[in-house]
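Next come the structures, one after another.
Below are two complexes that have chain A in common, paired first with chain B and then with chain C.
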Partner chain A sequence: MLFRVFSKNELKNLYDILAVNHIVGPVSKGCNKNSTALYDFDFVYDFEELQLEYSATIHSLKRFILPAKETLCSFTLQKNNWQKHVELNAYKPIVYFGLHACDINALNKLDKVLAGKIYPDPYYAAKRNNMFIIGVGCTPQPFCFCHSMGADSVLHGFDMFLTDLGDSYFAEILSARAFECLSGITCREPGKSEHQRFLEVAQEKMKRFTCHVDTTDLTKILDLEFQADVWREWGEKCLSCGTCANVCPTCYCYGVEENVDLDMRHAAKTRHLYSCNLIDFAEVAGGHNFRPHSHDRLKYRYYHKHRGFVEAFEESLCVGCGRCGNACLANITVPEVIASVRGKEGYHG
Partner chain B sequence: MVKLPFVDVLADKKNYMRKDDLASFEYTYQAEITNVYSLTKTEKLYQLQIIDPVERARFTFKPGQFVMLELPGIGEAPFSISSSPIRHGDIELCIRAVGNLTNFLTRSPRGTRVGISGPFGTDFPVEEMQGHDIMLIAGGLGLVPLRAPIFAVLENRSRYGNIDIIYGARNPAELLFTYQYDMWRQFDIDLNIIVDQGDASWNGPVGRITSILEDRIQAAENIGKNTYAIVCGPPVMFKFVCDMLIKAHLPTQKIFVSLERRMHCGRGKCCRCNIGSTYTCLKGPVFDYWSVMNMKEAI
Partner chain C sequence: MTASEKTYLGVPVRKPRAAFFSLTSCEGCQLQLLNNEATLLDFLSLLTIVNFREAVSERSENYEIAFVEGSISRADEIPRLKSIRAQAQTLVAMGSCACFGGVNQLKNRFSDLDWVKKQVYGDHPIETQDVLPLSAIVKVDLNIYGCPIKKEEVEKVITNLVLGKSIDYPQYPVCMECKANQNVCLFDLGEPCLGPITRAGCDSWCPSNRLGCWGCRGPAETANVRQLKQIMREHGFSDEQMLDRLECFGGFSKFINELKNQ
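Up next, the complex of A and B:
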């Protein structure tokens, strides 16, 4: 990996170099009722809009790479005949400016399922290939437990990663294209003191984590506690609304639907992101529902993320971003659910 | 200013895939409904033929696998292939009308063009079963996925030992493939049928499938060593049947089941088919019972 440092004034130049492309980044979205600033990812049209010091975004990047609703293919219908047209819905490269490590890790995890060797998902893979990612260091929030999930730092899956050293940025460079971009701005190789500062920043960040999840032997504990009463208790609180999956950067399950146009000459197949907490998720023909209760479904979501995915890929399908807990109307958070399953009621890190 | 090029290749270079290669994963064979036979009030047998002769000849599947059948604009759903593997792209699907797509199909005449993708999923290891006795145990619609392995075994009948089909249905009117029973018996297959409720025409046994299974287990010789079992039926049936087989000392890895879950992709993506955290469409639908015991909420 190559390292460079550049002064903070140069960031605008870096932005301008990339600005012929579409840029998506964290922008301000007003405040909540406690006057806490809110942020979300959106298209950025002006450098001033880009809020690189954002705390966290409400939604993940899914809107851009796994849209809530996406047309997978269209059909032209003729009498007794039809043609299928597949459109991958990727038309332009997009620059993602200012992703935190957790969100880049989330993409890396999604890649394992959606861009792997077994049936890659063409719609995802095409968009994923056309991402240029600039990561940026973050400040742990009270709800962040990415450190426990091993997602607080990221080693691959980005083009450039910026760490704020005070008056300059320390850039980790992973791709030739990112290297080219930097040739357009004034930057230099970091010296010894900057190496030192970079490591200090990492240590300071580590000290700020207040929320932890104990993942030791978690896969086994989830198996052992499959029938535990705590699941029922959480199930009683859960509204089965699916908001958690909606905001989660790693939830990818979906349903497919087909529709005929009113002219009866065209039809389309659409996928909608779904949530395993919704009641009919596992209902099959004949009306049998394999997960009829809200606790069955809630448990399944945890089971898939913290057991099944670990079994398949040796890592969990949760990056510890805390979005699901923040968005949940019933105040169900991952750290509390896991602590309770481990038998540590009221555990708060 | 750096204008990024549109990248056409997957990030993983070893996997070198252009946009067109990626789109090929969404390829759908066009097939035509060549014949439809009514089997019962709700089930029909559809004979389908892949239209392109080259594609038809190249289409191969193993007994137990399924296809996704699509009617553009109406829907797409998984169905087990119930014809013989040697017939390639001339396939038969036995379909129960339960919803959108399946009811629309019952109104689709011969000549209707449908889309087929697949085959997907795991299969019954009929080759491994050579030299052994086989018990095929089906409840209701569960006979459908067993028809392909039955055909596969009949192609090489002499390589197998005793073959028992134990089949239970609610009543005689719901029995599937009645026209084939004589043919199966000619191939020296022991066909045992039981119904929950008889009617005037019925002179076979009446009762639960487990009662005949008990008899067959008693009659079988050294079942623990010589026998493979294949089980498919409604969710409640699996546990009773498999428990009996295990009590009879059948090793769990010689019992195969075909499980049904909701499926929206067949490709290990949508998660709808997950059991615990196992994808039924990739690791299944055919599982050995050892795997089933290791999955939460499987049966």
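Up next, the complex of A and C:
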């Protein structure tokens, strides 16, 4: 890894170099009713729109790499014959400017499932391979537990990662193309004082985490507490609305639908992201539903994230971004659910 | 165009004889069917329409599928609906009025029907009774939800009906579509919304335009109404505000008494 520092004034020049491409980044989405600023990822058309000091975005990046609805292929139907057209829906490279470590880690986790060696998902891979990622350091929010999930820093999966040192940025460089971009702006190798400042910033960030999840022996505890009453308690609150999965940066479950057009000359196969909390998620042909109760569905979501995925990949499928708990109207949050399963007092169940 | 001209992968597609009827309603759902000119000709070519007063002047009582819009609010509508049922092999309740009573059933909230008549008709009362959905009188084979119905959804239903494919509705609530549309949750913006308990399929039509859901499509397959009442209170909305929404289209009638007694 190479390191560079550049003055904050140079950021606009870096943006301009990259702006020949489409740029996606955190932008303002107004305020909520408590006057708290809201942010989301969106296309950026002007440097001034880019809000690199954003707290967190409402939705994850999935809109761009794993859209809620995606046409996988379309068909032209003829008499006694048909033609199939496949589009991977990745027409252009996109620069992702200003991702937090949790969201880059989320992409790395999705890669394990969707861009694995045996059955890669070409629709995901095409978009993933067309990404240029600039990470940016963050300020832990009251709902962030990425540190507990080991996702508060990121080691790979980006081109460049920027840390705010006050009047300059400290850039970690992971790709040749990122290095080339920096050759277009004024930057230099960091000195000893900047190394020092970089480490201080990391330590200051660590002190700001207020939300934690105890993951010690969590896979075993989940097995032991499979029948625990707390699942029913959370299930009674759950709206089975799928919001948690929709805002989650790592939920990837989907359903596929085939539809014939009204003119009967065209048809399409469409993928819809789905959620394991929805009532018919585990309904099979013939009509049997393996998980008709909301507490079962909620439980299995936690088992996939914090147990099954850990057994398969030795890491959790949760990056601790806290979006699900933030978005859940019933106030079901990962830290509280896990604490309740561990039998800890103090959760507000 | 005759039946033999329409084919799907070389297989002739039979055009069912369809009739559209209107009971107590604004006829907005029928108009909605005629709304999308881009697909209108394809839509009409899938059916042999024998009765559709918003679209054709011909009339025939020989039909297989009856699309019935509107609710029952007068005694003479009951024999009319029964005769439609007797003729049709498939009876489709189209829109919130037909499925749940719709906006019309709001009058059922009042215990004194004479007072309601006086308020609405003044000194010129007409014969009217408590509003009922179609299913209170006859067997309904298929519901198409919404106030108004969503044209795209009807197109899909009819295509699948003609092809003999199964007809599936979203069982999940509006939140799924609202999140897919990248909206900011209306509760965060200080608006009440029935999206978390209302059946999807509208593509979060109202919430995407910053209007909280009023539940026109009725309850989702799992509707945690009790929890939403709690959420409404936490966000500063009264039980009356929630009841106003739940009672607006009639889809949540089975939850109302439980909520009032809580």
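In this text, the second predicted complex is superposed on the first by the 346 of 349 C-alpha atoms of A that agree within 3 Å, B and C clash if a C-alpha of one lies under 4 Å from a C-alpha of the other, contacts with A are read in each partner's own complex, and residues count from 1 in each chain.
As a convention for this text, contacts are C-beta pairs under 8 Å (C-beta built on N, C-alpha and C of every residue); 3 or more make two chains touch, one makes a residue touch a chain.
A quick note: this is a predicted structure, and the numbers were derived from the prediction, not measured.
Of the two partner chains placed around the shared chain by superposition, chain C is the only one that A:G242 touches, whereas chain B remains out of contact. Of the two partner chains placed around the shared chain by superposition, chain C is the only one that A:S294 touches, whereas chain B remains out of contact. In the superposition on chain A, A:L278 contacts chain C only, with no contact to chain B.
When both complexes are overlaid on chain A, the residue A:N259 reaches chain B and chain C alike.
Of the two partner chains, chain C is the only one touched by A:I58; chain B is not. In the superposed pair of complexes, A:R323 makes contact with neither chain B nor chain C. Set against each other, chain B and chain C touch different numbers of residues in chain A, with B touching more.
Within the superposed three-chain model, A:K29 lies in touch with chain C and out of touch with chain B [touch as defined at top]. In the superposition on chain A, A:N80 makes contact with both chain B and chain C.
Contacts of A:F226 after superposition on the shared chain: chain B is touched, whereas chain C is not.
The intersection of chain A residues touching chain B with those touching chain C, taken from the two complexes, comprises 77, 80-82, 259-260. For chain A in complex with chain C, the touching residues are 29-30, 32-33, 38, 40, 58-59, 63, 68-69, 77, 79-82, 236-243, 246-247, 259-264, 273, 275, 278-280, 294, 327, 329-330. Residues of chain C that touch chain A in their complex: 6-10, 13, 39, 42-43, 46, 155-156, 158-160, 163, 165, 171-173, 175-176, 179-180, 182, 184-185, 187-190, 195-197, 220-222, 224, 227-228, 230-231.
Here chain A touches chain B in the complex through residues 16-21, 72-73, 75, 77, 80-82, 84, 86, 88, 90-93, 95, 111, 113-115, 117-122, 125-126, 128-130, 132, 177, 180-181, 184, 223, 226, 252-260, 267-269, 271, 274, 276, 281-286, 288, 290-291, 296, 300, 303-304, 307-309, 311-312, going by the rule given at the top. Residue ranges of chain B in contact with chain A, taken from their complex: 1-12, 15, 17, 19, 22-23, 25-26, 28, 30, 70-76, 96, 98-99, 102, 111-113, 115, 234-235, 260-262, 264-265, 267-272, 274-278, 282, 296-297.
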